[in-house]
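As structure tokens, here come the structures.
In what comes next, chain A is part of two complexes: it sits with chain B in the first one and with chain C in the second one.
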Partner chain A sequence: MIGVELRLMLRRRRVWLCWVLLCTLPTLVAILLATTRLAPPPGRGGAFLSAVTSNGQIFPAAALALVIPIFLPITVAIVAGDTVAGEASAGTLRYLLVRPVGRVRLLLAKLISVAAFVLLAVLFVTLVSYVVGVAAFGFGPDASLGGTGAIPSLSGVELTPVDVVARTATTVGYLALCMLALGAVGLFFSTLTDSPLAATLGVLAFVVASAALQPLDAASAIEPYLPTSHWLAWIDLFRDPILWTNVRGGALVQLGYVVVAFGAAWANFSTKDVTT
Partner chain B sequence: MAARVTRRWVLVAAGTAAVVGAAAVTLPAAGSDEPAEALRAGVLAGIPAHVGYAESTGRLGLPEIPALEQVTALFTGVTQLRAYVAGPDRWRVDELTPAGERDTYRRDGREYLWDFGANQLTTVEGETPVRLPRAADLVPSELARRLVGLTRGDPVTSLDPRRIAGYSAAGFRIAPADPDTTVGRIDVWCDPASGLPLRVEVAARTDDRPLLFTEFLEVALNAPDDRTLTPAVPPGAGAVTAEAADLAGALRQLDAAEPPARLAGRARVPLGSGLPGVGVYGSGVAGFVLVPASRGIADRVIDGAAAAGGTPVDVPVGRAARVSTPLLSVVARGGIRRGGVLLAGTVAPAVLEQAVRELPGRRA
Partner chain C sequence: MIVATSGLTKRFGRVTAVRDVTLEVPRGVRFGLLGPNGSGKTTLVRMLLGLVHATSGSIEVLGEPMPRRARVVLPRVGALVEGPAAWGHLSGRANLRLLDAAGPGRSRHRRKRVDAVLEQVGLGGIDRRPVRAYSLGMRQRLGIAAALLREPELLLLDEPTNGLDPRGIQEMRALLTSLNEAGTTVVLSSHLLTEVEALCTHVGVMDAGRLALDSELAALRTPTGRVLVRTPEPDAVVGLLDGQVVDRRGDTVTVRGVEPATLNARLVAGGVRVTGLSEERRTLEQVVLELTGSGTDRVDRSPHGRRPEGPR
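The block that comes next holds the complex of A and B.
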């Protein structure tokens, strides 16, 4: 079942289109920065963006910061919103449930396929932006002096290549979890309607509402529980020493969303009358 | 069917409540027998070594002051701080931002400032008796040490204990007695065993809500390792050295007048080494500072004050404006050559208005 869903996802043209578009934005930004050399001034613009022109190896971090607020959530909303509602609108859900497969197992397979999509999305952005960043901006200042082309942490301390790989892998895992939480909400919305578009728009409305509440003083009591509050916590992984406080808190909140949204999807879908 | 539907949703609701409850629940704080006076004495006795992460929130509603945007931001928003404190002369405080960090190190009698955005490490030699507020001042332990030191003679009372960063923190409240200060109360919660301040709240006389509060979210009572306290310059980054006394040179260029011996009924506090034109008046939290400013800066503050709800002040020479928040008052005088000044302090606006009127004009 899980293998079937994963193969189905990989065969979808829109999934590949999402990945291509996600990688295109950072590539475009890299080309513009490389040709104009007009990086944002320190403290302005996206995280790490002011520093990429001096070291292309930082570009994956800048690229992730670029796609996280809007582009990545949109692609997750499209894919997650389509999971169940897409089958219903295509008229295949009924036939899918005729097979000797429990509905919970079907939902779990759908969630795993969303998880695979978000993990691959973050991974592709990271790998493509590393290649593009190094091609556009080089390995950093010490590489030209015969050094190893190490990446400086936000605290100024140089990170060893092993350290960089470990921190980047943790970042990919953390961001994939953040997007999986959104994917789980999308899966729930997808069980509520037969229209994939409605489910997708529901996820986007959820993201916009969270982002709108985040800066409000009046919403400070619920701010730590908003999903978008933790999307930039991975930046703390590039400090030295690593600040785990926000990453740990963020991971727990995102896990909470996955559990609650999957539970709601199960509660709704297990007893739903499927007529399409 | 309906019963099954309801049962599943009840299960989901219970699970959601359990998840939210697990996140929101905090252990009750244990009470402390330590009297408030003893807690204050513990803070004054010295801050133990610690490593922690804190968040400071300022709600002073200050307008942006030209060239001082970084300072006003400390009192008008949330500042994320990471502190590594080995002792009063050996520490590091990081101001964390989503776009990087600005770190201040102090060791071997020097200060080092690392700015990721500027990609530069600045070594600062020497010290000045007066300086602008900085993020490191907002770490709970440092803010408590300063404020409690400024209010040694003011009455202190006990507060209910609170659970902070995993500690049962005992609290005490200092209510400054000076009628001219805007500070209504300073609340400090500290670990009674070590004396480490964990949370500080400052509220104005006119508003009971804290306008500045800072709290450790995580803290450990251990000394930071030497590697953490050593600033690094990565390849490609700039490294410059500055003298703290450069500020005195910049002030000297303003050719400001010697500050008067008394202003608004308050005597000038003698400063160790000279900062031309700078004067500190009064004591404790009822004091204020007089700083000479270039005509351009003073005029921009006065023009900006009107937009920020400030009010003009009648002065014998030049023009002046006042910006007052419930906690901090600022008065700027400009419009005269080499006579621009800024006055700021946690005092009633009327005190600063009186002070600016008493200031002599200068080469009008």
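The block that comes next holds the complex of A and C.
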């Protein structure tokens, strides 16, 4: 069932469209920056954007910071909201269940396909923006002087390219986990309704609510448990030495969301009457 | 018994869709489940397949309790529930391959298996068009093909001829009959009486969630005690048997209260030419209309001016 689910996802035009759009935004930003050379001053604009004009290798980090607040969550909401509700509204859900595919297996396969989607999404953004970044901004002043293309970290210490690759890979994993948490919430919402659109909007409402509560002082007690609070914690990975506290805490909370949301999806779906 | 339910009841909130149904379908028959729209046929079929959970009562399919043993039972059951469904962006063949791969069972011979069922339902020459471009009849055939994958012992088909043209209906009837002769038990639900009458050996009639009847078709079609006389001289028959003629339509006269043999003798003695003489039997339609009320798609005003209740 997992293989079937992955094949179904990869053959959907919508999924590819999401990936293409996700890669388009950073490319557009790179082109604008490269043609105008008007990088935002440090401390303004998106994270890392002020540094990219001097070294293209940092552009993947800037690109991820660009897509994480809105763009990426929207695509996750679309794909995750469609998981069960899409099959229900198309009627294929009943044929899968009588095939038979166990209900838990079906949910698990859906979660895995969402995980594959988010991982590939983050990966594509990273790879495309690396190529675009290097093409637009080069390897940095150090490389042109015969060096190894060292990259300044946020703390000012120079990082080697190998180090940057390792840190970027960790970032990809961390962000994929954050988005998977959102995807798991989407999977749960998708078991509650037969309308994929309703589930997608539910996920977006969840993101907006979390983002609205986050800056509120009155909500400081629950702030560490809001999903959006941790979406930018990975920036600490580009400090030297790495500040692991926020990343570790964020990963735990996101993992908690995956477990709780999947549990809720299972509790709801395993005894649900399938009447579509 | 290949399907046996006892005291099966399903309530959706305040609405009771299926009420205390005790149904037994013997192995090897062609069973037709009849009933007006909203009488609970589809809910009953969904419960047999474990899609909907019963409020009370028990279900056995292929001798195993459902839905507890669904994992063992369902691979041996082929089903078409409330119309076919497929992934619209894929071709019919890709749909069947993925469906085949989704469930348990070996992947060996998948290609051959899929081609074989497509051939059976008359879609053997299908191209790579996505299902979204299929006609209603093609989708219906594809749905039946999906039910036939893995050679099921029991076929549960909800409205199998929906969307098919007369030739398609004929083909499907022939297919189901030949599968049944090869040992497959066929249970189909329909609101088309002629469909069930032409195909089935047993009938069940649902009305307002209850099973109003469960019987062999032949036993239902009892003689009404009236005789149909076909003659080129209907006026002569009416003249001869005045008072006993209940109906006259063209060259057919319906006569009551006489044995066919006696009637024949009287007609011959009276010099009336007769081209046909037969006992009138009840049609399935008469039986069903006697047993059932109107479906839930008809909403009459109740005599007290209150809003009528939904499906009981």
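Note that in this section the second predicted complex is superposed on the first by the 276 of 276 C-alpha atoms of A that agree within 3 Å, B and C clash if a C-alpha of one lies under 4 Å from a C-alpha of the other, contacts with A are read in each partner's own complex, and residues count from 1 in each chain.
Heads up, the rule we're going with is that a residue touches a chain if its C-beta (ideal position, glycine included) is under 8 Å from a C-beta of that chain, and two chains touch if they have at least 3 such contacts.
None of the values given here were measured: they were computed from a predicted structure.
Superpose on chain A as described above, then tell me if chain B and chain C fit or clash.
By the criteria stated at the top, chain C and chain B fit after superposition, with no clash.
Pick one for A:R37: touches chain B only (first), chain C only (second), both, or neither.
A:R37: touches no partner chain.
Put simply, what angle do chain B and chain C open at chain A, by C-alpha centres, to the nearest 10°?
The C-alpha centres give an angle of about 140 degrees at chain A.
Where does A:R12 make contact in the superposed view: on chain B (first), on chain C (second), on both, or on neither?
Once the two structures are laid over each other on A, A:R12 reaches chain C alone.
Counting touched residues of chain A, say whether chain B or chain C comes out ahead.
Touching more of chain A: B.
A:T271 in the overlay: touching chain B, chain C, both, or neither? Say first, second, both or neither.
both
With both complexes overlaid on chain A, does A:M1 touch chain B (first), chain C (second), both or neither?
Once the two structures are laid over each other on A, A:M1 reaches chain C alone.
Scan A:L243 for contacts with chain B and chain C and give back first, second, both or neither.
A:L243 contacts chain B only, not chain C.
Between chain B and chain C, report the minimum C-alpha distance in the superposition, expressed in whole angstrom.
Scanning every C-alpha pair, the shortest chain B to chain C distance is 7 Å.
Going by the contact definition given at the top, which residues of chain A touch chain B in one complex and chain C in the other?
Overlap of chain B and chain C footprints on chain A: residues 271.
So in the complex, the part of chain C that touches chain A is made up of which residues?
Counting only chain C, the residues touching chain A are 12, 46, 49-53, 70-71, 74-75, 77, 79, 81-90, 98-99, 101-104, 146.
Going by the contact rule at the top, pick out the chain A residues touching chain B in the complex.
Residues 41-51, 54-55, 140-142, 145, 147, 150, 152, 154-158, 217, 224-225, 232, 235-236, 239, 241, 243, 245, 252-253, 256, 259-260, 263-264, 266-267, 270-271.
Help me check something: in the complex, which residues belonging to chain A touch chain C?
Within the complex, chain A contacts chain C at residues 1, 3-4, 7-8, 11-13, 90-92, 94-102, 271, 273-275.
Can you check the complex and tell me which residues of chain B touch chain A?
1, 4-5, 8-9, 11-12, 15-16, 19-20, 23, 53, 59, 82, 94, 96-101, 103, 114-119, 121, 217-218, 228, 231-237
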